[in-house]
Every structure is written in C-alpha cells, then in structure tokens.
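Each chain gets a letter, A, B, C and D, in the order it is written, and its residues are counted from 1.
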Amino acid sequence: MKNIAIVYHSGFGNTDQVAHALERGAQTKGIDVERLILTGEQIQAGRWADDSITEKLNAAHAIVFGAPTYMGMVSGIFKCFADATAPHWMSHSWQDKLAGGFTTSSHPSGDKLMTLHYLVTLAAQLRMVWLGPTAQASHMTGSSEGIDQWGYYIGVGALGTVQPSIGSQPTSGDLLTAEKYGQRIAQATLRWNK
Amino acid sequence: MKNIAIVYHSGFGNTDQVAHALERGAQTKGIDVERLILTGEQIQAGRWADDSITEKLNAAHAIVFGAPTYMGMVSGIFKCFADATAPHWMSHSWQDKLAGGFTTSSHPSGDKLMTLHYLVTLAAQLRMVWLGPTAQASHMTGSSEGIDQWGYYIGVGALGTVQPSIGSQPTSGDLLTAEKYGQRIAQATLRWNK
Amino acid sequence: MKNIAIVYHSGFGNTDQVAHALERGAQTKGIDVERLILTGEQIQAGRWADDSITEKLNAAHAIVFGAPTYMGMVSGIFKCFADATAPHWMSHSWQDKLAGGFTTSSHPSGDKLMTLHYLVTLAAQLRMVWLGPTAQASHMTGSSEGIDQWGYYIGVGALGTVQPSIGSQPTSGDLLTAEKYGQRIAQATLRWNK
Amino acid sequence: MKNIAIVYHSGFGNTDQVAHALERGAQTKGIDVERLILTGEQIQAGRWADDSITEKLNAAHAIVFGAPTYMGMVSGIFKCFADATAPHWMSHSWQDKLAGGFTTSSHPSGDKLMTLHYLVTLAAQLRMVWLGPTAQASHMTGSSEGIDQWGYYIGVGALGTVQPSIGSQPTSGDLLTAEKYGQRIAQATLRWNK
C-alpha cells in the first residue's frame, strides 16, 4: 500500500472542495489517501506544530500541498506549517517523495501562480519530485467540461469566493481538473514506487 | 515635455491592441508617448540591435515593456531585446526611469504572471521604478466594464487568441484596464519629474 | 515631514540588523523613519493584528517590508501580517505609497529571490510603487566595500546565520547595501511627495 | 537503453562546463546521454528550428534544460528554442518525461532563481516531471567540497564569468553539484522507466 497525503489550509471552504476532488481522483487500488487539515489553532506564537500530521507526512509516498492565495501567496497559516518543515530540509528525509499543489482565489489569475511557484520551491527545498496536472485533450479548443480552463500547469489554480451570490465555486471544471490531477498523482506514486 | 516609450513585440496582434490602448490612456498635456515595435528582423544570430529604438529608450522618462507570453515567458524576440539592455545594467544609465509592463496569452492565467514577474525583474536590474495598474472601484464586486477582471496587479495581463471564432480579444475590459494604466503612468511620469 | 515605516519580522537578529542599517540610511532632513517589529505574539489562531502598527503604516509615505526567508519564502509570522493587509487591497487606501523590501537567509541564494518577488507582488496588490536598491559604481568589477556583492536587484538579500562560528553576518557589505537603499528610499520619498 | 538529453545555450563557456559535468554524472549502465547545443545560427527572424535536435528531444526519456541568465532570465537564444516547443505543449507529447535545469551568471544570486522558476514552468507546460539536485550531507555546515554552496534547490545555479582574472569559474563545487545532479537524473530515469 502506498500513501498519499493532502495537507492543506482552507479559509472559506473553496480549498477544501478542491482537496476533496483530489482525494476522489487519487482513490485507486494500492493507494491509501488521506486529507490533513491545517488550522490556526495548531499555531502558537507563530510556530506551527501537530505531531499527528507530521507523522503522517513522514510516512507518505506523495504529498500534495494546498492553500488559498491570500495577498498573492499561500495563507499565513499554511506558511507557518511550511516553516515547520525545516527539519526535513536539513535532514533531507523527504527526498524523492512525490509532490503536487493546488490553490484557490477569487479571481482567475489573482496571483495564484505565485503560490504555485512557491509550492514547487518548497518541494524543491525538501528534495521532492514535482508533478503537475494532466493535460486535457486539446489546449487550444478547451474541454467541454471546463477542465483546465484557466491555463495553470504547475498545479491546480481554482476559483473560490466568499460570496455565494456569484455562483457555485470552485467551478465544476476546476473540481474535475483536481480530480484528474488526483488520478495522475496516484498513478505516478505507483509507478515511482514499484 | 516628458517622454513615455512603449516597447513591445506582438505576434498575432493582441499585444499590439493592448499597446494602442495604453498609448491612448497616456496621451495627455505635457506627455509625448511613442510605440516602438520589436520584430524578428531586428535579430541577427540571436542578437537584437536597433539604434533608433535604443536612442528613444535612452531619452524616455518612462518605459512600458510588452510581450506575448509564449510557453510561460516573454517571447524569444522580446528576450533578445532584453539581453541587449545589458549595457544599461552595467552603466545604470536607466536608473530612476519609471517602468511598467503588459502581456497577453490565450488563457486567463496562462502563466502570464511569470512574464510580469520577469518584466519587474528586468526593470529592477536596470534600477527603474515600477508602477502597476490603477485600482478599480471595487475588487470584490468587480467593474461593470470588465476592468481588472482577471486579477493582475504587477502589470496588465490580457486575453489574446489566434482563433477569431472565440470572440473579440483582448476583451473590452482588458483594453480599458490598459487605457487606465496608461493614464496612471502618464500622471506618475509628470509627478516624478516635476 | 514625510514618514517612512520599516515593518519586519526578525527570527535570529539578522533581519533586524538590516532594518537598522536601512533606518540609518533613511535618516535625513524632512524624513521621519520608524522601525515596526512583527512578532508571534501579535498572532492569534493564525490572524495577525496590532492597531498601533497598522495606524503607523496608514500614515506612512513609504513602507519597506522585511522578513527572513524560511523554506523559500517570507516567514509565517510576516505572512500572517501580509494577510491582514487585505482591507487595504480592497479599499486601495495604500495606493501610490512607495515600497521596498529586504530579506536574509543562511545561503547567498537560499531562494531569497522568491521572497523579494513576493514582496513586490504584495506591494503591487496594494497598488504601491516599487523601488529597488541603488546601483553601485560598477557591476562587473564589484565594490571594494562589498556593496551588492550577491547580485540582488529587486530589494536587499543579505546573508544571515544562526551559527556565530561562521563569522559576522550580515556582512559589512550587506549592511552598507541596506544603508544606501535607505538613502535611496528617503530621496525618492521626498521627490515623489514634493 | 534510456536516453537523457541535455539541451542548452552557452554564451562564454560557463554553461557548457556545467553541461559537461552533468553529462559525466549521468553516464551509467543503461543510460545514453547526449548534449545538444543551441546557437544563434539556428534562429531565423526570431524563430528557432533544428530538426535534428527536436528529434533527439522527442526520443529522450529525460531532458535537462540549460541557459545562462542574462538580464534576469534565460538567454534570448534559449527562449527562442523554448517558443519552438509550443507544438509539444499542444499535443502534450512530452508528458511524463523527466525534466531538470541549470543556469550560470556572474553573481551568486544574479536573479538566477528567476531562470530556474522559468525552466520549471516550461517543463510544467510540457507536462514533464521535475527533479532538482541531490541533497548534500548537511545543509547547515556545508560540504567541504563546495557542493551546493549557494543554496539552489530547483536546479543548479553556478557562478560564471567573462573575466578570467576573477578565477576559475564555475567553481569546482559548482561542477561537483552538477555532476551529482547528473547522477540523480540518471537514477531517476531508470527508476521511472522500469
């Protein structure tokens, strides 16, 4: 059995929906997938700690990082968690785990690429191997289901909102993109750990 | 009279439309604005050179850089031009000029933020002062005219396409965003060079 | 009188040294400069709040942001502060303030450029105007005093360490770079607000 | 037999030295490694084309991208090559190939991280899987051989100069870092393609 951990913070529930879609996609024979939720209560004086989450991350074959984009970057709560991975940078104990990432914000761009660039940088410091989402059938004409409609490649960048009046978000295309990304990560985890 | 130069490459005409909108916005009393177009013919064996353009940039009080985003970054033609600004990096002869930037691609994200991060980095190497677009009335509800609809802040990120069937692009909101950016750059040029 | 605020988090004292050097450089006739220190104690359940600091930032003509680079990005403590600037993104009440930034880490690169790219993105979301450090005499031969020795352009990237045995850090060249940056920000604040 | 292609542009020979070190590291049983050199002569009116190089890249199981950092980004010559990979973005024919990257510039930072962020973005658009350099024994105390001395994680960032008087560059530590990166890419290519 190979383990995939999805570790994320969600502020208003949008990032949580993307995490669930990823989880659905990753569920397959030979794969055990778990969502691990970061909260402000895990932080004391700016330092994040949660032994149960850390143990599960240590045991994972693949880790998918997720956070809302607040003011152009992962939320402060996620960043406090990221700071707490420094011992794994020093010991390189996470080297060769697979990594992926996702984020949400209230605009199609909303500087979410900055967050994805950060997540890939965090994974590189931890010597992990980065995997982005699957390609859809055609980049130019787009998918009738709205998969990959915004043009993110490093990870999933979904629309999220705090205003229910704007309509259901993330869009169904965003959630399908995340689900297919989960499938890809599960397949790669099995292939890389044969 | 203060001079604003808009120096850009356009592949399929989308970036050119944004440049024209910026020019319209920048036209005001006391400001002389000019568009300077980069082409493949100005490049020999990977080296860009065009004395007339370089002289005009040297004389400008503000320079706005523009390029399509190809494969996640300014086009190769623009990059050959950027390489040729190295003498100004060494002599810091462009220090304190104002700078801004814009880009287009076929998806709302399309990794255009990477291009804008590059343009601000190029300007920083040249010791220029960076100015992004104006804020619209309300970020959360959005503008009825589609100004700033995608959520770009460092510069203008507009939609562009090579497929006329998809509809008119850049959108009217993109062009208005660029026009208002041109106004802001003109006002800042006058304020900074009083 | 024009106000410059240096708002920063320092973990082991390196970032604090850079902030002091910036402050020294910025002290000039007509300029009031103040350092505002971010701490973990200002954060409750992942949310940063400190009314006194916020009021001073609201009154500043220029804001210089500083943080150590932890795991490839501003520290979690700084990021919690950045999240709390969201009301200024929405109201664009900080539009046209000048901005700058600095960071420290234990390696010459250490992914500090990622932090500087983030600070410029944060400032752009707040519609501020970005100013990088001054150029030294010659980029190619370098400065005998070690100014700008690493090749950072968007802001100051200084060496910092938690191991006193490695030698005094930030280096004297880093502190001189920061001092000259402070001078540049002070001069620009006076020029922009004439 | 699995194929690794190292495709790069070198301006003054520094990037070429890193490419040779990578090649040495990658040479192992079961791996065929080849260096493919990009030149200005392969570019006509801003468009790069070289059928022989493209065919070899199509056949490769892993591609390592390399370029000098000029003005904060891959050289114009490399970018013209990157533009020409657009058909593989559209067809996603390079999906699941392994990818890595390296760059050189005349300063320890020199905005080389921007180049590495670009190379990882290019690879993500092509749906490739990204692998950074190996960890050294200890991040904090450093390697006695100068491996990973600058603190780059996404790829190799080496020192390069056009001034022989400054001393031999890239440093021996840079070349060892590249050689170990080559080993890691070779091992990962065998593991991923079992």
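Following the convention adopted for this analysis, contacts are C-beta pairs under 8 Å (C-beta built on N, C-alpha and C of every residue); 3 or more make two chains touch, one makes a residue touch a chain.
Everything numeric in this text was worked out from a predicted model, so none of it was measured.
Under the contact definition, chain B and chain C share the contacting chains A, D.
More contacting C-beta pairs link the chains of A-C than the other of the two pairs A-B and A-C. Inter-chain spacing, taken between the CA centroids of chain A and chain C, is 30 Å.
Annotation: 32 Å between the Cα-based centres of chain A and chain B. Residues of chain A in contact with at least two other chains: 72, 89, 111, 114, 117, 121, 124-125, 140, 153.
For chain D in complex with chain A, the touching residues are 89-90, 92, 95, 117, 120-121, 124-125, 127, 129-132, 134-135, 138-140, 153-154, 188, 191-192, 194. Against chain C, the residues of chain D that register as touching in their complex are 72, 105-114, 117, 140, 149-153, 157, 163. For chain D in complex with chain B, the residues that touch the partner chain are 39-41, 43-48, 70-77, 79-83, 85-86, 89, 111, 114, 117-118, 121-122, 124-125.
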